[in-house]
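Before anything else, here is the set of structures, which you'll find just below.
You will see chain A twice below: alongside chain B first, and alongside chain C after that.
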Partner chain A sequence: MTDLTRRAPWLWRALLLLALALALLPTTDLLRLAGSLDAADGMVAIVDDLPPESLVLVGFDPDLGTYAEIRPTVRTLLADLLEHDARLVFVSLTPEGRALAIAERARLLASAVAPERLMDVGFVPGAEAALVSLARAVDGTGDGLVAGLPDEPFALGLVIGGNDIGPRSWVEQFEPRVVAVEIVAVAPTVLLPELTPYLESGQLRALLATPRDGAAYRESVAPTPLGDFDGPAPLAVLVGVLVAVAVLGFAVVSGLGDSLRSSRGREPA
Partner chain B sequence: MRRPTIPALVIAVGVLVLADFLVVNDSLGELAGVAIDAAIVVAAGAALAGVGALVARRANDVWRRRGDPVGAGLVLAGMAAVLVAGLRPGAEGASDPAVGWIVSALMLPIGATLFGLLFVTTLSAARRSVDTGGREAIVLVGSAVVLLILLVPIGGTAGDALAAAADWALEVPIGAVFRGILIGVAVLVAVFAARTLLGIGSTDD
Partner chain C sequence: MNGLFGAEPIDQLATWVAALATLIVLGGMLGERRLFAWSQHLLAGLATGYLALLAITEVIVPRLVEPLAADPGGRPELVLGLGLVAVTAATPWLPRIFGAVPLSIAIGALAAFALGGAIVGTLLPQLAAAVARTEPSLVATAVSAAAAVVTGLVVVGFLHGSPRGRIFGAAATSGRWLMLAGIGGWLGYLLLSRLVLLIDRLAFLLGDWLGLLS
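Coming up: the complex of A and B.
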């Protein structure tokens, strides 16, 4: 490999440009990111059942590293909720989530969404303690230090996960204290194993936690005036996966070969 | 010599919050609310202290020209820009459009770019870990290759089969291992909490 690089130093740059060019090509029917559309049924049904002017509490705590995976799904879901005349109340329990919430609110406000539909409670420090205080404020058992909540019942809790305080914390701390507000979540794939039991027990009413589920949800929702969020091109994903498989596969085969040779070398003659 | 103040505080607050969770009682609820609000205030104070320490450290780096004074200056400039945008007269705090612009147009794209580099650095790190010759590394990276193949975004029957296999892998073997770790951590936390509540050992152990 090193010899090849020495002979053709432009090779890596050419491969990178080729990969970028492939990612820009239009998608064909052969490639498809979405899995079964059934995966999105739960979320679609819940959003469809929301009465007009519903108040939705949005716990916005993704992290910068994994937000790219769920961003198109989150944007589609927020747009769909607004399309169903819901009013969103943003709250963040982590600084990183707060920064991303500021960006998403700014984007929606720039898309001419009325500010009264995008209320902002802001950042509440204290991790789980903040979540308990928020639950008490929503439940009306205590105002605590969480200010800015509207004095109306919430119809739904939407948790955008990724950070330490995500859907699991909401199920543990918020859901038992505010049983009237059901929780749905969008989370990166890495959180799926810890969230699946909550989905099966009904503590999470709906969950979109893999790129395939997200793509299925985006296909299930009609484009809104706020935009049509297609997500990454399947060809771009394919190129990335193939590059990763090639690099790692080569390393594994080489490693296995080395391991085999060294074990043979240790065998007694 | 053991100091009982902190364990006593932990026991009192822990029992109070637990009792409030289990028993519906207004007075208990108000007491628990005070404890929870105190935790929030302490967390906010700790965050502010952290920011203050960061400013002091970076200002010192700039002043004494040690470490990375350019980077330290950029950190201070970034903090100052957000503070000025959010706290200038007439500004709307964190909801101010200027703060939104700084976050949306500068901070998030820079952060996303850095995380985008993870694609290259993670592959490189995985390859190097296999090169060290460890069997665990080969198994780990080999499993990653199998999962990546399951995530190939193709359509049709083959795509459906791959998707079903990927879902099974995430929900059964990976889910089982992950939940096993979570249950183990939870048991350890429960044991540690019980030891603290019962006064066995010290919180500094």
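Coming up: the complex of A and C.
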């Protein structure tokens, strides 16, 4: 086996890819990625409480590398907001976020969503300073640097995070200046430790930041005419986690064996 | 699932290009480095082109050229900003003091916004949230108190080099272990999230490209 691994070091990685690919093929209802559906209660309640024709400011700044993790949840949430007759105003503060915002907005327009429900403020350069300008523009005390915002109050701020300017920046720069607009967020897992304190302190009203939370949200909302956005296949996730646990276990046992051998080697004959 | 919308030939072509790029990147995982390096160059080139396009179409033209062309004398702040940018670009040929002015303004403004936001938006609200308080139920009150204790222990764990007694040292050690436990839980979630990203790419290949998934 060791000889084989030396000759073909890529073998285990290829087998992992093959196992994951095979695990995608069967469809089963026995496994669910979502844990308790309660994880999504906050987001569901906020969207349900929105009055018709509400304006929602969508700060769209995910990261290209991790967007795939939150994409089904983001699409479901946008579809759910449109289903509740909300009007979305897209704004991006990072170039990557702008690229993804253009793609998602184009996808929604191609799905026959009316353009007036998908307003676009575009890319606002300036990082934190841009966020302050945006907050002032929303608050009506703007300096004219952010143009294209409708002259109506916003009901909610939705931040799609992942990039440098994400939910934390919104909580630090936007929320203290525009107290009337509550903020909810969808973010990849890498931001979980950074954002959980804001959720606990109430500075974020709702947060979906793990694959489990996202799956719980997707299961909690009714299917929309814009589509049913599936997340990752639970069987493939299970296979991957089992492989990871096996690798970890092998490393631990191997380490224990090495330390045992070295301690025996130190014993006097 | 995640392919480009539409069934036009250009959409299908884009899906093929995305599938080939995905195969090349996965090939890097299996040891094929030359094509993988080429794909990295492709990404860097595309990103540079995109950034240039974004800067021209969404920043320079609408926020600088058009306002100046419409009212050349009415926007002195833009002229001043343009002058500072020109000075920054000419820094190698100017005395250092000239280049230091625009850079100081940029770095100082960035730090001021970030620091002010961190204090007003994070430090003070989080300190307030970490204080134990009585809640409607006994369990909630206990959880609030436990959270305050954990916060205190982790903060103590960060106090390096200060004089310590046995109790203080034990508290610092507990705080570090609590923090490690938290990081361990987060790493578990992170493993799951990276798996989700890999599975997404495989699902793209099998579903959107090959049409094998329903």
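The rule is short, and it goes like this: the second predicted complex is superposed on the first by the 219 of 269 C-alpha atoms of A that agree within 3 Å, B and C clash if a C-alpha of one lies under 4 Å from a C-alpha of the other, contacts with A are read in each partner's own complex, and residues count from 1 in each chain.
What we mean here is this: a contact is a pair of C-beta atoms (placed from the backbone, for glycine too) under 8 Å apart; a residue touches a chain by one contact, two chains touch by 3 or more.
None of these values were measured; they are calculated from a predicted model.
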Touching partner for A:230 - first (chain B), second (chain C), both, neither: second
First (chain B), second (chain C), both or neither touched by A:136: first
Which superposed partner A:255 touches (first chain B, second chain C, both, neither): first
Which of chain B and chain C A:50 touches, first, second, both or neither: neither
Touched partner set for A:210, first chain B, second chain C, both or neither: both
Touching partner for A:13 - first (chain B), second (chain C), both, neither: second
Partner chain(s) touched by A:31 [first = chain B, second = chain C, both, neither]: first
Residues on chain A lying within both footprints (that of chain B and that of chain C): 65, 68, 95, 98-99, 106-107, 122-123, 125, 127, 129, 132, 145, 176, 189, 192-193, 197, 210-212, 237, 240-241, 244
Chain A partner contacts - residues on chain C that touch it in the complex: 1-2, 5-6, 26, 29-31, 50-51, 54, 58-59, 63, 109-110, 113-114, 117-118, 120-122, 125-126, 128-129, 147, 182-183, 186, 189-193, 195-203, 205-207, 212-214
Touching residues on chain B, where the partner in the complex is chain A: 17, 21, 29-30, 33, 36-37, 39-44, 47, 94-95, 97, 99-101, 103-104, 107-108, 111-112, 115-116, 118-119, 123, 126-127, 130-131, 133, 135, 137-138, 141-142, 144-145, 148-149, 151-156, 159-160, 163, 166-167, 170-171, 174-175, 177-179, 182
Complex contacts: residues of chain A adjacent to chain C: 9-10, 13-14, 17, 20-21, 24-25, 27, 65-66, 68-69, 71, 95, 98-99, 106-107, 110-111, 122-123, 125, 127-129, 132, 145, 168-169, 171-173, 175-176, 188-190, 192-193, 197, 200-203, 210-212, 230-233, 236-237, 240-241, 244
Contact set on chain A toward chain B in their complex: 29-33, 35-36, 64-65, 67-68, 95, 98-100, 102-103, 105-107, 109, 120, 122-127, 129-130, 132-133, 136, 141-142, 144-145, 176-177, 189, 192-194, 196-197, 210-212, 234, 237-238, 240-245, 247-252, 254-256, 258-259, 262
